[in-house]
Amino acid sequence: MTDTVLSIRNLTAFYGDFQALFGVDLTLRRGRALAIIGANGAGKSTLMRAITGILPSPAEAITLKDRPIGALSAPEVLEAGISMVPEGRRLFPSLTVEENILIGAHSRIGNGYWTLEAIYDLFPVLKERRHNPGTALSGGQQQMVAIGRALMSNPDVLLCDEISLGLAPVIIRDIYAAFPRIRESGASVIVVEQDIGQALKVADHVFCMMEGRITLSGAPGDLSRDAIHDAYFGVSA
Amino acid sequence: MSLLTLDRVSKSFGALKVADAVSFEVAPGEALGIIGPNGAGKSTLFNLITGNIAPNAGRILFDGADVTRKPPMSRVAAGIGRSFQIPQPFSHLSVFENLLVAANFGGGHHGPHAAALCMDILERTGLGGVADATSGGLSLLQRKRLELARAMATSPKLILLDEIAGGLTEAECGALIETITSIHAEGTAIIWIEHVLHALTSVVERLMVLNFGKMLMIGEPDAVMASPEVKEIYLGIDV
Amino acid sequence: KSGPIKIGYVSPQTGPLSGFAAADAYVIETFVKTARAQGVEVEVIVKDSQSNPNRAAEVARELIVRDEVNLICVASTPETTNPVCTIAEAEEVPVISTVAPWQPWFIGQQGNPADPASWQDFDYVHHFFWGLEDNVQVFMNMWDMIDSNKSVGALWPNDGDGNAWASDVGMPPALAGAGYTLTDTGRYQNLTDDFSAQINAFKQNDVQILTGIPIPPDFTTFWTQAKQQGFQPKMVSVAKALLFPESVAALGPLAHNLTCEVWWSPMHPFTSSLTGQSCADLAGEFEDYAGRQWTQPLGFIHSLFEVAMDAIRRADDPTDGDEMAELIGTTNIDSAVGKIQWGRDNVPPFAKANVSKTPLVGGQWRMQDDGGFDLVIVENGLAPEIALTGALETLS
Amino acid sequence: MIWVDTIVQGILLGGLYALFAAGLSLVFGIMRLVNLAHGDLIVLAAFLILTVVNLLGLSPFVAVLIAVPVMFAIGWALQTYVLNRVLGDDILPPLLVTFGLSVVIQNGLLEGFSADSQKLSAGPIEAASLPLGPITVGVMPLLTLISAVVVIFALNRLFYRTKLGRAFRATSDDAVTAGLMGIRPRNVFAIATGIAMVVATIAALYLGIRANFDPSIGPARLIYAFEAVIIGGLGSLWGTLAGGILIGVAQALGAAVNPEWQILAGHVAFVLVLLIRPRGLFPRAND
Amino acid sequence: MTTSSKITLTRAFMALVFVALVCVPVIGSRAMVQDLFMVLTLLVLALNWNMLAGFAGLVSVGQQAFVGVGAYAMFGGVILWGWDPLPAILLGGLAAMLLSLPIAFFTFRLNGAYFAIGTWVSAEIVRLSLAQWKALGGGTGTSLPKGTTKDMLGVAQIKELLGVSSSAASDALTYWLALALATVTLLAGYLFLRSRMGLGLQAIRDNVEAARSVGVDPLRLKALVFVLTAFGTGLCGALLFIQITRVSPDAAFSVVDWTAFVIFITVIGGIGTLPGPVVGVLVFYILQRALADYGTVYLIVLGLIGIVIMLFARKGLWGMFTEKTGIELLPLRHRALPRSDT
């Protein structure tokens, strides 16, 4: 079990009275990429929020390298080694591009593989725009900033929530082109995608969610389009 | 004469163009479906029509009047009802009260008549059993039904539905289609954004495809669905 | 005589005006002790107006309705005396009032202050203190002693005191009569942060004498700004702001040789009708008791109870409000603040039934070598019986 | 010449208001917290300086160095133990808590120091002045304005040039996402309030030297500070300075016409600016 | 016990309390009448502020503007135009309502905390302006002419009826007016919140965007509440100052007396609950009685209680009570109709 980085057991999550996750189980192994797919409102982002500590979860439900982290707050989870590219990018409008990237290393620099220079190397276009406000960039460039920002803490686990949302196919291709290097740096990755084709391309393993539950999982090659469709909508087309 | 007319309506958020000179018309009593990839600007289009956000350019006409600069309240009064993609119930009010607000203010109904109307809608949308429950505690499915019911309670001439069929079982989906069909049959015009295509195509008469804020095409559902372009950009299937 | 007599006492013991009430505890304690020793059972119910007129009205009602007091003594500023007197008059309860110039007290309680024809006198409330005309006279006497161009600048705020000073019963007519020219820029609000407008006007009109009745923080602001902006009058005579040693000390060296009105001091040659103490003894005993310097209200608050005691002694039934009110009106005693007698002719006819005037002199603050301040009496034109303790000096 | 003098005096007065407002602006900009107790905290700081002056016989300019860390600690503790608990979408709890705090501080000071007027004595410099062409300008008011500019400049440096400032801005933009970066919003807020109290202490120094103070004068000063912050635009520190100066000049001009209108003129200027620009002169783009 | 019998019981209880209160001047002492007058007027102010801040989300710290203008208009009516105080009270209410229009026009452009400051500044402007009204004494203020309250409409009749002094009769009259005002304010508040307007307000409180999308106009609704509460507050201010008999800008526009206390009352009792102000005013009264002689300590205690309530029990004492017991005295709920089918 030593190569298990992140393990989730029977995770539940609530927004007030409203239960959004019903007992999710999931295991991520070192150096792997895992994709989570599902329809709108399936609970994918909620799962990400629970992992990163934005939403409270039971202490033992989430373990990172055998350490229970369910009860930790968001900053503590980051320091433990999980960072996230949040849904909708969420750059800080008052910060420049460079500051947005630098703030990723505010309280953790991990093994130091990713530095400002390394990020500029990965996404050269950002270097030209580094003094612009983060929000003045195109959607794709903003997404690069968000990824760079998350990498700056050199996490063990990188969570990406719908990073292709609203981006043109060519840009999506550019962004996903960075993934091999990210995995090379030692980070394991979880990507959340609605774009099934994209998800199947990058991941070693796919989980499908519906209404707060995992309804299907397996290696991309083993999953038929129909099975995915069923898991997605709960009905056969 | 058309009920709703959009005339080269544009909207950007900073550098991001989410509506790019969109023009189309909806006839009274017509049902129009909208599809498009995530982030294409579908919900934004609804916000423009309802007045929750103001366009940067273009005109919106409803029922013969220019409503481009009108606030949402007066558009509701004129007959535009909507549901939100992410349900936004008045969470401290009961389900019944949620509808009552809409009937009182948006529909202009009062007294026992308003209450009776709300009860009727609750029955039709399958929420009769939870009428007195606090809406904050509803399940996702019930919240989506509440969105539909609340929009109906404003007695709209045009009702805007944003992804209300996502995540339903086959039976639930069938019931929903039945409700929407009945609304349609009463002469209410419908614009429906939906990813569950079979549900959508069983109701709408025309289908519109949106991509990067631009209207890609509009027409017969079957014809639209058959287009290879749609297959590629929307379904993500290489053809 | 019948059982314990209940006296209500109202003053601003907390809040911005609390400086006036510093001697309250001492005075009341000695009064009750002395009265008892003289065989009169009194009970004093003390209420705090919190420096708030609304609260003063409320506690007056409480004293009358709940505690059913036979007599009310009230002291210190129109903000406290007026609400209490207005209510007591309506409720027909006798009041002895002091420490507020009589014009804001009397005229301020009239429904229409602007229309003298409508003024009415009172049946139950009596006030003793000096009037604006006395203060004006004392100040002008001091100014007459120095060599100046007779150009006076005024700092009168838009509050009870300022409006009274600026009115027709206040300083302007007196100044005109005595050949002084006045620069009055208008009624500013209390707690103003900048007095450049006034300073500019004063400089422009070559003002050599400054007067006014500002609150202490405003005078500090004004006076430092005046120094900074090069306004150098020969004489500064301000009322209210320089009353208490604390506010003078707060000014530091800038307060040297400022002049003010003096209503009472240990140097006054009077004796208490209650305890037989001289003013110096009274002040000395207070300083021992409280561990702080004497203040001017001490004498007057003491005298409130002198008047009360005198009326009680004379009354058949001190609990009969009507009788007490009438008896107070016929008071004639030599008190620690001088003669107190209503109905004298040194007050205009409309007010003389309710107002008795006490003497007023002029003083100047002198900085001592140790940095402390002494109040020196430099003018006694209205009350020659009060001896001078120094000669007037001009600033700079 | 009178008009030039009036405007110059108004600008100097504006410096005082800006100094009152700078701490408020910082806290307002970072956590949308309206601190109704800010005026009373300034008065508290003034009493603290006074106590140090009296106990150790120091000049107020030295005593302030001792008061600064104490006030920082008070601000830090206040935020950590009280204010952090009430921050949120609902503006009512923080308003009411700081309102309660204002009443508590004011009356606590009354209990402790009585209502007597106090003043900090800075010696001869208080009355000193500089001739500037045709007008004379007080040294202390000039120092106040310069301090306001320096404080605002320093806060701006801190805000835009340091790691801490980056964290301030990020937290203010989006506290949840800042948490994902390892920033602890509550800590950031506590430090911000601490710094605001440091600025309040500097304001207290000048307030105490300029005029008498007593426990009850906080709110009267606070209202001008709020006006400066709001006119300047949420979170804009230079805007706050501009706002303070605008109020100061409006008051001076009003007074020059008639002292009755002095304070009214400041308030009216505030209303007029907001009628024309409801979000202030220099609003941040994303509010 | 069924819901309807519970409601009948509470209604009967409230009617009983009301009747008892009406009888106070007849059977109680004058002290009691005056104390209750204070309690009732503070209650009126608190009910109005609660409606604003608790239900309409308009956190005003400038309510003293309406108290003060009500008082000044009443004094103007009596002193300058020779009106009887009773119609002059009405004038006070109307003047406050009139004043609320420009204040709303200005402050409604500001959101959230800005709004609070805006109302405060507005009140200051009104205070400073009225301090220039020389006919009513300017900054000095003025008193009601001697005897005004004794000659008030109705005092003579009450005097005869109860066989008391004219001061006691005028106390009784103002007390009954305060009782009527408090009762009407409470009832009107209840009916308003039960009406479609109240429903709209609650919808706005939950979600403004959604409320607009079902046709609720937040601005109009809030403006309506603002103007109506200004009317109530102005009436109350006029009534209060008949009893105080003396008006000055600082007293009439006292932020501590007419807004701070009122805020504490509402917060302690339970902001955003209908019975909250009633509970709060009783607690406030008891505290004031118990601590009045300690001067500032009383204010410190009040401030601390307010802070503690906001930190640990946002819905105040009444909120805590309903949470523990589930009892709702004045339910605002709209029940669904019984289902007709099956």
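Observations, loosely collected:
Residue numbering begins at 1 within each chain, and the chains themselves are lettered A, B, C, D and E in the order written.
One rule holds for everything that comes next: a contact is a pair of C-beta atoms (placed from the backbone, for glycine too) under 8 Å apart; a residue touches a chain by one contact, two chains touch by 3 or more.
Protein names from UniProt, one per chain: A, B = ABC transporter ATP-binding protein; D, E = Branched-chain amino acid ABC transporter permease.
Keep in mind the model is a prediction, meaning the values are calculated, not measured.
Counting hops only between chains that touch, chain A reaches chain D in a minimum of 1.
Touching chain A and chain C at once are the following chains: D.
Centroid distances built from C-alpha atoms place C farthest away from chain B. Among the other chains, the CA centroid farthest from that of chain E is the one of A. Distance between chain centres (mean CA atoms), chain B to chain E: 44 Å.
Chain C and chain D have Cα centroids separated by 37 Å. The distance from the centre of chain A to the centre of chain B, with each centre set as the mean of the Cα atoms, comes to 31 Å. Shown for chain A are the residues in touch with two or more other chains, namely 135.
Of all residues in chain D, those touching 2 or more other chains are 110, 260, 263, listed in ascending order. Counting only residues that touch two or more partner chains, chain B has 91. Those chain pairs judged to touch are A-B, A-D, B-E, C-D, C-E, D-E. Interface of chain A with chain B (complex): residues 16-18, 39-42, 135-139, 162, 165-168, 194-198, 210-211, 233-235, 237.
For chain E in complex with chain C, the touching residues are 29-31, 34, 38, 78-80, 128, 131-132, 134-135, 137-150, 167, 243-246, 248, 250-251, 254, 256-257, 293, 295-296.
Residues of chain E that touch chain B in their complex: 196, 199-200, 202-203, 205-207, 209-217, 333-337, 339-341. Across the complex, chain D is touched by residues 53, 59, 61, 106, 109-110, 112-114, 116-118, 120-122, 124-125, 128-129, 132, 255, 260, 263-264, 267, 271, 296-297, 299-300, 302-304, 306-307, 310-311, 314 of chain E. Contact residues on chain B toward chain E in their complex (touch as defined above): 50, 52, 71-73, 76-77, 81-82, 84, 88-98, 100-102, 104-107, 110, 115-116, 118-119, 122-123, 128, 131-132, 150-151, 153-154.
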